[in-house]
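Each of the two complexes below includes chain A, the first together with chain B, the second together with chain C.
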Partner chain A sequence: MAARLSSFFRGIGKGFRHFFMYFIQGDLPTKLSYLIMGAGCFLRGQIVKGLLYLAVQAGYILYLVNFGAAYVAKLDTLGDVTQTKEFDPALGFSVIKPGDNSMLILLYGVFSLLLGVVVLVLYLRNIKEAWENQQTIASGGRLPGLRDDVRELFNRRFHVTVLSVPTVLTILFTVVPLIFMILMAFTNYNREHQPPGNLFTWVGTENFSQALWGNPLWSRTFLKLFLWTMVWAFFATFLNYIFGILLALLINQKGVKGKKFWRTVFITTVAVPQFVSLLLISKFLHDQGALNNILQNLGIIDSPMPFLSNGTVAKVTVIIVNLWVGIPYTMLISSGVLMNIPEDLYEASKIDGASGAKQFFNITMPYMLQVTTPYLITQFVGNINNFNVIYLLTAGDPKSLSLYQAGETDLLVTWLYKLTVNEQNYALASTIGIFIFVICAVVSLLTYNRSKAVQEEDRFQ
Partner chain B sequence: MKKKENRNAIATYIVLGIMSLVWLFPIVWLVLQSFRETPAGAFTKHLLPDTYTAENYTKLFTDTTLFNYPRWFRNTLIVAIASCIVSTVIVLLTAYAFSRLRFKARKPMMNVILVLGMFPGFMSMIAIYHILKAFGLVQSLFSLVLVYSGGAAMGYYVAKGFFDTIPRSIDEAALIDGATKNQVFWKISLPLSKPVIIYTVLQSFIAPWVDFIFVSVIMKDNYNNYTIALGLYQMLTRENITKYFTQFCAGAVLIAIPITLLFIFMQKYYVGGVTAGGAKG
Partner chain C sequence: MKKRIVSVVTALAMASMLAACGSSSGGAATTTAGGEASTAAATTEAATGEASTAAETPAGGEASGEAVTLKVWGPQEEQALLQEMTESFKAQYPDKNFAIELGVVSEADAYARYSEDPAAAADVFAFANDQLRDFVNAGGLYEVEREGDLAYINNEINALAVDSASLDGSIWAYPETADNGYFLYYDSSVFTKEDVKDLDSMLAKADAAGKKIFMDVSNGWYIASFFIGNGGVLALSDSGAQECDFNNEAGLAAAQGIQTFVESPAFLTGDDAILISGIQDGSIAAGVSGTWNAEAISEALGDNYAATKLPEYTTGDGNKVQMSSFGGTKLVGVNSQSAHPAEAMDLAMWLTNEENQVKRFEARQIGPANIKAADSDAVRANIALAALAEQSLYAVSQKDVGGNYWTPAEAFGTALENGEATDLQQMLDDMVSQITQ
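Take a look at the complex of A and B:
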């Protein structure tokens, strides 16, 4: 890591050196391309490419002047003119006089800056290209024409062609929104500061300290939901994993007929969309639902069992129902891996007199753990973010007065959702989102590094 | 010995039998409820319906004033087809570049995507809404296509895992023979990648049928542009559940059947994809 960092900074240093060196040693077209993008190209005959560079520069300047600059300039305060109502004597009633819109300032500001980064990269490329062109001419070479450049895009620089559309879409629909939301965690964008009526502004790390210790209600909710999220992720991941493998072993046994049939039966349940199956189960387990009605009719219980309406019971219920979702899935994934376990390991242990359980814990599980650790990590992180199961089964309920806008079975991620959609507390929601990110990143890093160490042992090779 | 094995086998069948009953129960119940006649609410007193009717199904297509099932179905189909095409192209291009091409930005880009993927998806939901609003696209089907396929590049792992398994020597031989990388991609890599193409197509085709969160944020109250999942979800809100529960079941059965069939059909690609992608990272 340190080596990578130092090489990164050395790279930047080298870039700066080149930046000045090219200017000092450059001829007129090269020098000119520091001011006018593409000069080093069109002055040397690469007309189209040079004009494209020029268009980028002109386009960005036009964009800034007509639109972007106004927003970038207000980024430091996120606007200071509040929207007001003024009486218009000519019309005879009050009209809204628009003020600044903090949200649009932040959004367009981020967008303009990011666009600026892209233009900057192109600008540096334009300089480097001008310099390379100069060198090529000095050594008597021929500059690549438009046709050569296009041909290169389908061969040596094919990755540029291939990745251009995915990159643009990812930046627009993932990077910009994420930066926007991350910055929002440092503002006071909530119901009381809702644009366009009101302004919101920067508050530093206020939200983080409030959520961790400053606001007792928030910090209690955060801590409780965090613990439950981890408990949930642990059980949801490992119970599903172990029972899924057991089910796969059961079906894979020698002499079991209709393996394909059994597998299909269980896979069917994975295939049914979750919003159908889980919503149905939640209605089935409801206090007035079919299960309680039937049990009462049969006289087994007198009053409805609170499967989903008592905090503790509901937590157990969601973990159990999640087994219904997860076991077939693990079975599906692990069947193939199980068949790769070398048969002689089992046979040797059988001769040594190992029981089935011993084989399971000493051969099957170690092998599976080693091969499927990346899968387990993804599952664990996926369960931390498992919105569907919780939201569809309980919607986080039963509600609790001791929690801020959350219920007993809410995970951090469903709390985040509720905070945005019901409460419009975007600032706190973004803060929670960053916490979730940190949790996921820590879990992945810790386990991933460990799993690599395990892999190097090559126990089964 | 033989006897013991027999007993084992019988025990296995009994366990598997009981388990499959438990696992299939919700699905069987769903189908039964979809044919239940009265009352239409969710909170029935009996496990099995007293009387059966196909009316729940016919009503879906005839009684469209409040819940316009055929329209939602059409919307979902349009969105699914469009976003499936865009997503598949994006996923395959990204995975191919990261797997078969070598360039300076490769590792950094993969790391960035890894980090981006660790943020909860809902976090950017509101921002995406405002971006679409800025472009004047909110509440349209087109915006939904953009939402479903815009982040497609992030899910390149499975396809990359597959491309990684194609021997590099094939590419190199073709390059030595004078093929361009573009030709290698179209004429060699793609024809060898049928399984992962099918997997990606099906996966991205199914996504719009089962999402009810993003669509609810994008569409708000524009009922005409709802998709099936959101529409059906609306049938179970507190005001509607007593009247529309059995219709929900009927509507759910109708879309669950094709999705289930598609999934069972693609399961072998699915397993290969997940394990290969996981093992190679």
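Take a look at the complex of A and C:
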């Protein structure tokens, strides 16, 4: 890690040294390319390439002048002009003059800066290319023409051609919004600071300190929901896993007739879209739902069982209902793995007198764990963010007086949703989002790097 | 050489994939010649269609004038009605070239959708009046200032609806309907007109008949009727902070009254679906709900369908108190970011004038906010609207209720329903501290 870091910084140092060295040792076209992008190309005959560089530079400057610069300039305060109105006697009402919109300033400001980074990379590349061209000519070589460059893009540098479109799209539709959302956590963008009539601004790490200890109600809610999220993720992951394996083992047992039939029966729960089954189960378990009605009519209970309306019971209910949704998937995956365990291992252990339980714990489980640890990690992280099951089953209810805008079964991620949609507290929601990311990253990196599947990757092959 | 072939094939595959992406997002580009031809035909058709509509507009109005584009948001159920109303609006202004675009956004979602991007939101939109404060705080609305508009609203709209559209002494939107509230539906074969005046006698009678009385107590909107009925106040201070006194003595007495109600065997909570199915199968004999359920309930009860104001309930200290309620309206607002505010105001006026309020009642049985429109035999004969009008004497406007109220109030109601209430005073204190934070 340290070596990687130091080589990174050495690389930057080298880049800076070259940047100045090229300028000092460069000839006129090279020197000119520091000011006019592409000069080192079109002055030496690479017209199209040079003009493309120039177009990038001109385009970015035009973009900044006409549009971007106004937003970038206000990025430090996120706007200072509020909406005003002025009475117009001819019209008979006060005409509203729009002010700054902090959200648009943040969005376009971030976008313009990122675009600037892209242009900067191209700028540095333009200098390097000018220098390389100078060297080629000095050593008497021929500069590659447009046709050579295009041919290169389909040969040696084919990866650039293929990867460029997905990279650009990812940056545009994933990275830019992500940075925009992350930055929101450092502002006071909430119900009291709504555009277009109000401005919001930077507040540093205030949201983080408020959520962790500053605001007792927020921090209590965060802590309680965090603990429940972990409990939920643990049970939802491992109960599904174990029951899935047991089910697969049961079906795989010698002597079980109609293996394919049983497998199909359990897979039908997958065939029904998850949200449909969840919504139906939610109605089914309701205080006045079918299950309570049946139990009451049979005389088993006097009053409805609070499957979804009592906090503790509801927590157990969601974990159990999740088994219904999750077990078939684990069963499918583990069926495949189980069939791959070499039969001779079982036979050898049988000769040595091992019981079924011993075989399970000493052969089946170690083999399964080795292969499925990465699957378990993705499941665990997926369950931390399991919006569907919680939101469609209980919507986080029952609400609790000790929680801020949340209910007993709310996960951090459903709380985040409520904060955004019902409360318009975007700043706090973004902060919670960052916390969730940190939790997921830590959990998955730690367990993934320590897992056997990764450490003994080469041995397994 | 082999490598080059591979790379060319990959490039072709990539290109075709990109082309596929392009066609699906573009929605029109097709690779086959036949497909292209048909698309081209469709385009021409669309073009001629456009041409004919474009030709109609100036023909109908002689002078084409400046083009004014207005976007209007309304609920799904009202799209056809809005279409009709905007057409008649265009006919009113033959000298202007209006292009009016309708969008589906329900009154309940208007603020949430508006706040996503105010500049791209509709110029004219309908919203429930409990969002008024959010809209005004966000600077999202044009104030109603034109003298003609003010005269219409002040003179021809009922006072409660005008109040629901006003804030800080100004009127901010055009009242469209006065129907957002709740009252008591009941089965007249179970309860007499005397019974439904008092909750205790209703509970006793329902219990004896083995039937239920429905009220969604775990919902801030409904549970407030007990507190406010007993003198509780939900208000906003000058600085915009929520004030709530539900944890004083009167509030405690109200809470004890609620507890008695929810612990009665005849009490039933739930959502609209529970209410309707209970009325249909006869297990629910009375329920608290609003006009949106009128049709379903009247169908289920037939001749026994009846509705009236909410009953009186008994507080913890033994007093009989008339239950209050939230009375709400739907308003039409003009976006502060509108490029054509004057025309947008004209349209908002048009959508809420007497003629169109009558139309809305006829099409959707929605109670008009216009006094003359509401003063017709048809409106008076509507049982649900009559009950709403009766209850409106005890109703308070919802506009002073901030966003922090709903979740804690629901939590309080949930705890009562589940019988988890241990220390009512402590719970009320918790609720109020969350509401007022």
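The rule we apply is simple: the second predicted complex is superposed on the first by the 450 of 461 C-alpha atoms of A that agree within 3 Å, B and C clash if a C-alpha of one lies under 4 Å from a C-alpha of the other, contacts with A are read in each partner's own complex, and residues count from 1 in each chain.
Note that in this section contacts are C-beta pairs under 8 Å (C-beta built on N, C-alpha and C of every residue); 3 or more make two chains touch, one makes a residue touch a chain.
Owing to the predicted nature of the structure, the values given are computational and were not obtained by experimental measurement.
Undergrad: If you stack the two complexes on chain A, which partner ends up touching A:I96: first (chain B), second (chain C), both, or neither?
TA: Once the two structures are laid over each other on A, A:I96 reaches chain C alone.
Undergrad: Is A:P306 in contact with chain B, with chain C, with both, or with neither (first, second, both, neither)?
TA: second
Undergrad: Have a look at where A:L411 lands relative to chain B and chain C in the superposition and call it first, second, both or neither.
TA: neither
Undergrad: Just checking: does A:T268 make contact with chain B only, chain C only, both, or neither of them? Give me first, second, both or neither.
TA: Only chain B; A:T268 stays clear of chain C.
Undergrad: Counting only touches as set out at the top, which of chain B and chain C does A:N198 meet: first, second, both, neither?
TA: A:N198 contacts chain C only, not chain B.
Undergrad: Once chain A of both complexes is superposed, is A:S402 in touch with chain B (first), chain C (second), both, or neither?
TA: second
Undergrad: What is the contact status of A:Q288 with respect to chain B (first) and chain C (second): first, second, both, or neither?
TA: So A:Q288 meets both chain B and chain C here.
Undergrad: In the overlaid three-chain picture, which partner chain does A:L217 touch, first (chain B) or second (chain C), both, or neither?
TA: After superposing on A, A:L217 lies in contact with chain C but is clear of chain B.
Undergrad: Look at A:G336 in the shared chain and tell me whether it touches chain B only, chain C only, both, or neither; answer first, second, both or neither.
TA: A:G336 contacts chain B only, not chain C.
Undergrad: Between chain B and chain C, point out the one touching more chain A residues.
TA: B
Undergrad: Could you give the residue numbers on chain A that contact chain B in one complex and chain C in the other?
TA: Looking at chain A, the two contact sets intersect at 104, 154-155, 158, 161-162, 165, 286, 288, 421.
Undergrad: Over in the complex, which chain A residues touch chain C? Could you list them?
TA: Contact set of chain A toward chain C: 83, 87, 91-96, 98, 101, 104, 154-155, 158, 161-162, 165, 191-192, 194-198, 217, 286-288, 306, 309-310, 397-407, 421-424.
Undergrad: Which of the residues in chain A come into contact with chain B in the complex?
TA: Those residues of chain A that touch chain B are 103-104, 107-108, 151, 154-156, 158-159, 161-163, 165-167, 169-170, 172-178, 180-181, 247, 250-251, 253, 255-256, 262, 264-277, 279-281, 283-284, 286, 288-290, 293-294, 297, 324, 328, 332-333, 335-337, 371-372, 374-375, 378, 381, 385, 387, 413, 416-417, 420-421, 426, 429-430, 433-434, 436-437, 440-441, 444.
Undergrad: Which residues of chain B touch chain A in their complex?
TA: Result: residues 5, 8-9, 12-13, 15-16, 19-20, 22-24, 26-27, 29-30, 33, 42-47, 89-90, 93-94, 96-97, 101, 103, 106, 109, 113, 115-116, 118-128, 130-131, 134, 146-147, 149-154, 180-182, 185, 209-210, 212-213, 217, 229, 232-233, 236, 241, 245, 249, 252, 255-256, 259-260, 262-264, 267, 270-272, 274-275, 278-279, 281 of chain B touch chain A.
Undergrad: Mind pulling up the chain C residues that touch chain A in the complex?
TA: Residue positions touching the partner: 4, 7-8, 10-11, 14, 18, 112, 115, 118-119, 134, 137-140, 142-148, 218, 240, 268-270, 274, 278, 336-337, 341-342, 345, 403, 406-408, 410-412, 414-415, 417-418, 420, 427, 430-431, 434, 437.
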